[in-house]
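Take a look at these structures.
Shared between the two complexes below is chain A, which pairs with chain B and chain C, respectively.
Right, the complex of A and B next:
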């Protein structure tokens, strides 16, 4: 399944940060959804601002336009405000992308757990993301930090508890 | 200064106001008078001076008291003055601010200009002598008895002779200037005439050399405004700017229409000063005059864009229309740079860019800033 670009991708002004506030808001919204969709499609978890400028998302070779690093940072900052992104360093050069927010992931996992009737039982984190049982679920193959965050979100809701085990971490759902 | 008498400032029967000028200081001979700055009024009968704050403080002098008067040009740190030489004090004079004075003349110092016009009107009144028709009996007898008494005295006799001579030269001068003012009146017609000649020259291009045509045209341009409003004729301050605005309104209408209803202020400045020839305007005066357009209900407006660019535009030149035309053009071509848009409309690049930016500000356009330059696209977001 190939990635489907939005129409804005071939519209040159899309690659210039618009000075008009209203226009800019719409533009940023389009960028946010494009960046998230791209990351989801390619299962990307960490992004580097400099590197991503060269990636096809922010660099349209066909129309010879690319988003400047400043603009990319603005887009990322916008994503951070929405809870889809966390900076990894103070200089804001690397970041974690969460195409679903931890709460959303947690919800998905909890739904699956209750669907298979495994509430009140314990899972290892590896089991959740890599066992054959979860094959076909969206959270299959989720990176561990992301998984942990999702479970932490569930824990604050009182729906799960993270337990330390000998060879890593486990979780119990309520 | 002892010739002045207190007055209530009201005009008498048959007396009419000729001109008034504010910011005038009085001098007793060469010394500054112990009075503040005020308004000087010239009527058909009198010269009246009134304190600019305290209107009770008002003094007057009959025009018949004046022997002659002359201009004294302004210098560095000195305002232009009019020196007025006066007859001796009449015996029955009403009391005034000065009981006596050692000077037989006074000076009007024009702090806010306007002396040229004032001098002209004073000359007119002095030659017309309108006060003679209705002069109060007391004054005429007073001066009569005075002159009767002093006719024989030596110095006064010499003074009279000098005055007679001066009157003669004065007459000659005013005759000479009359011609000039008539020329000014004719100037407009002459401009018209020269324009038609210029057109004829164009038709018969071959008969006259290019060089001559250019020289002739430069003469024409310098005759653009027949009677420019200047600080000297109209004083400084709002009155001057209002008159200037009026004149600008008249002369800018045609060029504005030619240029699609809008001109950059710099362009206006060049055009106006070229038309004025010698009497150049300062940029500051031009801006101030342009600011008057709205309050004076002239069909022009000064407009300041967000970028600070100032333009003069026709009032009928509506913003919506401008934006709509920009949007139409851009949609038509897919995308436009300011240069392309300028070529399309026959406008200056600066102004066409302002229009595009305006349309962008209103959310109708969006920009593409790349290595190829700034392009504008319809806002599809």
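Right, the complex of A and C next:
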């Protein structure tokens, strides 16, 4: 299944931030959904502003247009406001993307755990995201920070508890 | 945030859970090790092939020896992993057993309490009383039945006879061929029914 680009993607002005406030807002909204959809399709969790400028999302080679670093930062900032993104450093050069909210991931994981009858059992984080058992599940290959956040979301619901040990973390589901 | 969770953690995660987690972590490490060795093995196999192609048989042999050793290591880790997993399963099962015992204990206590309420003497007394009450009731029944039956028996029997006789006479099967017309065929049984009804009535009167 290949990624479906929105019509704006082949529309050159889309790659320049629009001065008009209304247009700009629409443009940013379109960029946000495009970026999220792209990350979801390719299962990307961490983005680098410099790197993503070279990635096909922000760089349409066919029409020879790319979004400037500043514009990318504006888009990312917009995503952050919506709760889909977190900056990793103060310079805003690297960020974490959450195309699925931690609560949603948590729900998926919890569903799987109850499906395999492992409630009340202990898991290592590695086991959840990398073992053969979860192969084919959506959260297989989930990056650890994202996994941890979704487990924290489950923890606030009282459905799980994160156990910290000297080397690595684990989780128990309830 | 950590503090809030910290308090809860102590209450719900047991020592056993931690032990299981440790075992699983160890297993994960072994799995990672396996992956690494496997990758290395693949690489070395390719390298050995290339060396052979280039005519460096000695080196290829050496590499294969190394590979053989790593194969053995891989087997060992596989064994260790299954050991660890067995341990985890044993631990989990022991926890389940504890829960079963706890459940049985609760049930046992409950039963004991209920037995305390229900002493054997009490049960005996109640059973005796019930028996007495049943006998008493039977006596009443006999008395009542004795006074009634004699009078009604004949009437009941007569009624029964009347009903059975009426039943015997009821079906009068038409001997002629069934008429073709649907109207007539519907009419006839009706008339018959009426006739038999009247007969029955007459008999009842006679009785």
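In this text, the second predicted complex is superposed on the first by the 171 of 174 C-alpha atoms of A that agree within 3 Å, B and C clash if a C-alpha of one lies under 4 Å from a C-alpha of the other, contacts with A are read in each partner's own complex, and residues count from 1 in each chain.
The working rule: contacts are C-beta pairs under 8 Å (C-beta built on N, C-alpha and C of every residue); 3 or more make two chains touch, one makes a residue touch a chain.
These numbers were taken from a predicted model, which means no experiment stands behind them.
Following the overlay on chain A, a side-by-side fit with no clash is recorded for the pair chain B and chain C.
Of the two partner chains, neither chain B nor chain C is touched by A:6. In the superposed model, A:18 makes contact with chain B only, not with chain C.
Legend: residue contacts after superposition of the two complexes on their common chain; A:141 is shown touching neither chain B nor chain C. Of the two partner chains placed by the overlay, neither chain B nor chain C lies in contact with A:83. For the pair chain B and chain C, the least inter-chain C-alpha distance in the overlaid model is 42 Å.
Across the superposed pair, chain B and chain C touch chain A at no common residue. On the chain C side of its complex with chain A, the touching residues are 1, 5, 8-9, 12-13, 17-18, 20-22, 24-25, 28, 31-32, 92.
Residues 121-124, 126-127, 131, 152, 155, 161-163, 165, 167-168, 170, 172, 174 of chain A are the ones that touch chain C when the two sit in their complex.
Remark: chain A residues 7-8, 11-13, 15-16, 18-20, 22-23, 26-27, 30, 64-65 touch chain B in the complex. Interface of chain B with chain A (complex): residues 335, 360-361, 363, 366-370, 375, 377, 379-381.
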